[in-house]
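In the two complexes that follow, subunit A is the common piece, with subunit B as its partner first and subunit C second.
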Partner chain A sequence: MLKGRLGNLVFQAIALALAFGVVSLILISLDASPMDAYKNMFVGSVGSVRKIAEVLVAFVPLLLVTAGLLVTFSAGLWNIGVEGQVVLGAIATTWVFRYFLESALPPALIITLAILGGMLGGALWASLTGILKTFGGVNEIFGGLGLNFVSTALTIYLIFGPWKRPGVASMSGTVPFPDQFSLPQLTDLRISPWALGIALIAVVIVYFLLQGTYFGLKLKAVGRNFRAAYLLGIPTWQYSLYSFLICGALAGAAGAVQVAAVYHRLIPSISSGYGYMGLMVAMLINYQALWAVPVAFFFAALNIGSIQLPILMKLDSSLSGVLQGILVLSVLLVAGARQKFTKKA
Partner chain B sequence: MNIELKHINKHFGKVHANKSIDLLIASGTIQGILGENGAGKSTLMKILSGFIQADPGSEIILDGKPVTIDSPADAIRFGVGMLHQDPLDFPPMRALDNFLLGLPGKLFPNRKEVIQDFSLLAREFDFSIDPESYVDSLTVGERQQLEIMRLLFLGARVFILDEPTTGISAIQKEKLFATLKKLPEQAITVIFVSHKLEDVESLCDHVAVLRAGELVGEFKPPYSTQKFVETMFGKMVTLGERQSAVGGGDTTLSLDNISIEDVRLKINHVDLDVKAGEVIGLAGMEGSGQDLFMRACAGLMRTVGGTIRLKGQDLSGKPYHAFKKAGVNFLPAARLEEGLVPGLSLTDHFVLAEQPTGVFIDRAAGQKLAEDRIASFNIRGTPLSTVESLSGGNQQRAELALLQSPLSLVLLEHPTRGLDIESVIYIWGKLKERCRQGASIIFISSDLDEILQYSDRILVFFSGKVSAPIDAGKTTVAQLGQLIGGKGWAEMGGINA
Partner chain C sequence: MTQETILVGLAGVLAFATPVIFAVLGETLSERAGVINLSMNGTILLSAMGGFAVAYNTDNILLGFLAGMLIGALVALIVAFASITLKQSQVAVGFVLALTCRDLSYFLGNPYMGVPGPRLQAMPVPVLSDIPVIGPLFFRQDAITYLSFISIFLAWVWIFRTRPGLMLLGIGEKPSAAFIRGANVNLMRYIYTVIGGALIGLAGPAFSLAIRAGWMGTISGLDGIGWIALSITIFGGWNPVRGAFGAYLFAFLQWLGLVLQPVLTQVPSQVLQVAPFPLMILTLLLVNIGNAEWVERTLAAMPESVRKFFAKLLRAMRASPPAALGVPFERD
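Right after this comes the complex of A and B.
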């Protein structure tokens, strides 16, 4: 009876209730009212147009990263290195902007080149993980994790070394780019409709790639049974590499948006943890590309909403991270329990 | 130690692996257990050594006391130790550390003391293993010796050996046998599981033969090989009139002096020409080299010498994809591990097997393709069924339905293992159809009746030796059984080894 779509919904609801229940217990143990906290987070994220715009600013890179991760997940790969791929996208975009700083080319063209450069940077960085896995036998989890540290170090090196501000280098990043290098934003709001468009188009493309193309079907075969896919005549390691390239390009686009539409410079924490958060979203939605949109929005809203907590309730804003983490765990837990339960029945 | 097994039953789902086995093994004897693959030998031994538990009602009595053995550690406590076919040791550790593992109760073992015991035991059996050497530097034979010493040290009074002579040299085998013959003097009981008739004959005081989960015979010396073979393989069951070769077509596969090797086995200098429409059966105990041979024919394993030609095209050293392109299809035995992709539907599989080159999936064409295949291969499932939801027989049909057209060579591992007779006949009907279309077939089976029934010629494998092709119409289960057990090779002549 608890099968099919209805069953799915029931179990997702149980997981959601479980997550909020645990977080409520944590809040109660801190002498804070859970209802107040949730209300503040809600109002703080979708209470006004300005707040919604803030949520969308976080939503765009998160959605791009999630879309990319859907591709590597389909190929059966744990692309932990996605965080570093976001960083390298940002670095490559910064490099392109710096290169054209004095150029007379139209800004629109430069911005386009910068975003494409970011995608290329992310893809190349991802291909390192792929090559390490395919030819070096290094598991992509370890390779990716290692490269994440390298990417952080590289950012710091650039900010304090070759790209430092004239005079004194600072943690606040490189010199901000001139206004014409910014993706056009809505008046008075920080969100760029262009960035939003790029992210939505990316997720739609990934959806069709996975659902409607031979490429996607072969990728899934490789992900679910590498050996059988090989025997069926699919060039397996090539497809693994392709999936890394696609995911890296989308993560790189997220990094590019961070530079071109949000910070307008390279800062040390340019990826803002969107890579890791994307991994959570991708796990949560379990291959279903279209769910990426609402779930990524929800996660972004939690992030923005939790900013209100220290101001209004003297709680730390990391509560959103706690809630996100527990939510993923409880969904996985409920799925595991369900499997055991239905197997026995 | 006296061992009494009473009404041992074991079901795995619907499979009845041990059928009410009663066996008495006297203290201080060497008991042989013979049987072909899947006869239930390993199941019985795993029950005795605690790896699996028998069905309720089964009884194990050691020295008159009924016992319940719940785990291998339990078994050792009762004095039952097992030597596995692949030694269960820890290669990256020192011999001594392996020895210490499993010693109960001691947080800080006294290494000095243990080294002394180790040397004492080694001297007693004339083993020369350096306790400080790393296990991965030892040969399989030495690792066995280490295991024997370890089990003795742990106080084992019953030794179970599962196919211990696979992968060790003749000298090491002699040493092993000499060691084993010493054990009964100390009232230790040895159970020797094997399919090698010669080994069993030269070593064992008693022999029990299992077939299809049943104890079908017990023997004492002097042994008769003929009798063993008959008991192991049973009476010939006819699957109907043998069909003869479809006809002498052109040569499809031509093997010229090929050699293959992996860490365990070496196959040297095999020559074989296979004609279009011909069926070649590969017989032999599992792991005798037939699997390597087949993977070499599929391009999944590089040969170390010789040439492989397919319809005149030299494919030696080419990758699998080149073989596939040239018209070779390989269907592995492990259906859900190697052959099919769990989670994907039948339609997905058929679409992928057609090697599509476009961008967008043509759903309507895929649906139609799947409906056609499902109907013509009589698969019980819908185009949207995932492969893991199908029964074994239907998975096998689905694998067959993945074969491309046209084909020159079809390679099959255990094409009908675990299937009911109806499915077997159906699947062979489909395969013979392929033969009429000019494909050659090479298949591995552990079912000798199937080999005799459907092959035109047979190759027998034994420890990497390959027989000359045997005309299936002129041989018998008895002769094949002897060859599989490693007997009668000298008389055969013309051996490919």
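Right after this comes the complex of A and C.
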């Protein structure tokens, strides 16, 4: 009955309605008006050009991470360690900036090196999870999670130790970098078109890599059936490692952007949870690259839109996370129910 | 450091491990039946918040613990329904729930932030608590810690020494064989996942009503404990006693970090707090590396005596998951 594209849309709509229904009930149980909450979130995210620019600031790292995760998911890997890969990207970028602090090289070159350094840092950190997986038999979920905690500790160690501010070290991070080390931004707005460009190019590259290349085809073969791919002569463990390296590089780019275009220094929570959020986006879009852009924008908008909720409605801003989580959960449940329903019919 | 302070510290280690013990036992039961409950980190936070809120509003600590168990059971029910009935990926559903329940705990817990509330008091066991060393270590704890001691033992006996436990092992190792012997595989998986979830849900109140009473939101120091418990479950090789040992080892390392802090002043405290994680990765590596193909190949090329030694060493550390872990059961 409900097949093809129309069926997909109908079921996505059901999942969306289910999620908003559940969240509305939660809000009503707290004596808060759901309509007010949604309206505040809408106005707080896309109500003005300034707000949209804020959403884009969150959108860039989220899209980069999601693009990377599409590669590891294609290879059948759950790269939860992506959060730490963002962090290591930020650390590596900070390291490059510090190294060239007194240098006479043109700032544009230094920024380019810093972002490439960030990508390298993320890729190397991801390769740790990959090596643990392929040579140590450690499931990538657990190896990745452990390394996430280690990466956070490393950040804090650097901020309070070798890279501390002159005088007193604090949770506010390292000394901000001079202005010329910042990715150029639009006048009056915090968003850097360069950062936006990097993220959009990344998602396009990943799309073509997965859809239009032999590499992508083999990667998906490894993801679908590891054993069969191996028997067909695909060097499976190399492909697993490649996917970790690509994802790590893109996550590292996200960390680099956080340093070079957003915070201009290293702070303890530099990854802002974008790694975990990217996993949710990738699941929600059912691992299809084309949908990454609108869904990542929607998630970023929810995050930015909820910032004002504590002031406007005395609600905790974690409402955005609740809404995102319940949305992904409803999509999974509705998809499962649909499969069950159509199989029986 | 006097003997007295060391004893108090070690007794604290046993108490601090309590939430992790319940989480590990719950996850062990669930995974033994073949279902990974990856939601654990979120479940623990939500049950910590919910358990405290209920105990605060009713002024009844027991109700708080029951509420925590109920929350854990409900979250596990979602995992079971999505994975067993709807055949969705256990990892995907569990991970989403881990994040959602965490955010939900911060969202709903907002009014309870930093509110002083009820707390479980220590309950020294008469006579036994006066035994030197053993008394202060084991018998001056609170009720929930005693319960954790008993639960480790009961879970072990249940899994390895009873008939239903044998069936449980069968469901996780070879569900088709268990089915032929008359086991309702999917129903049993539902039951063990939900019971396991209730145990995981006990971990939250064991923290928010005992160790550090109250709800502190993002700074309660509880976030992350579920992920640790998940690794400890593997470290424990899906055996309650070995898992409990892992939990105590973890708590001991955390305590050691605190004790060593005044000595290692140049290392920030946050770094010492995460010291168990690299160790955790290392232990996971040791537990798993025996399963890797290249290790077997390398060993085969070694002289007999060396090979025997390493093979024995690896086998002692090795832990293999239940064969049907994460695999949906279909009767055909």
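Just so we're on the same page, the second predicted complex is superposed on the first by the 345 of 345 C-alpha atoms of A that agree within 3 Å, B and C clash if a C-alpha of one lies under 4 Å from a C-alpha of the other, contacts with A are read in each partner's own complex, and residues count from 1 in each chain.
Methods note: a contact is a pair of C-beta atoms (placed from the backbone, for glycine too) under 8 Å apart; a residue touches a chain by one contact, two chains touch by 3 or more.
Small disclaimer: the values here were computed from a predicted structure and weren't measured.
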Between subunit B and subunit C, which makes contact with more of the residues in subunit A?
C
In the superposed arrangement, does A:Trp194 touch subunit B (first), subunit C (second), both or neither?
neither
Between subunit B (first) and subunit C (second), which, if any, makes contact with A:Thr152: first, second, both or neither?
second
Subunit B versus subunit C as contact partner of A:Phe11, first or second or both or neither:
neither
Per the contact definition in the header, classify A:Phe42: touching subunit B only (first), subunit C only (second), both, or neither.
neither
One more residue to check, A:Tyr214. First (subunit B), second (subunit C), both or neither?
first
Between subunit B (first) and subunit C (second), which does A:Phe20 come into contact with in this model arrangement: first, second, both, or neither?
neither
Please give the residue numbers of subunit B that touch subunit A in the complex, ascending.
320-321, 324, 330, 332, 337-344, 348-349, 351-353, 355-361, 402
Subunit C touches which residues of subunit A in the complex?
26, 30, 78, 80, 132, 135-139, 141-143, 145-147, 149-150, 152-153, 156-157, 160-161, 276, 279-280, 283, 315-316, 318-322, 324-326, 328-329, 332-333, 335-337, 339-340
In their shared complex, at which residues does subunit C touch subunit A?
38, 78, 82, 85-89, 91-93, 95-97, 99-104, 106-110, 224, 227, 230-231, 234, 266-268, 270-271, 273-274, 277-278, 280-281, 284-285, 288-292, 294
Which subunit A residues qualify as touching subunit B in the complex?
212-215, 217-218, 220-221, 224-225, 227-235
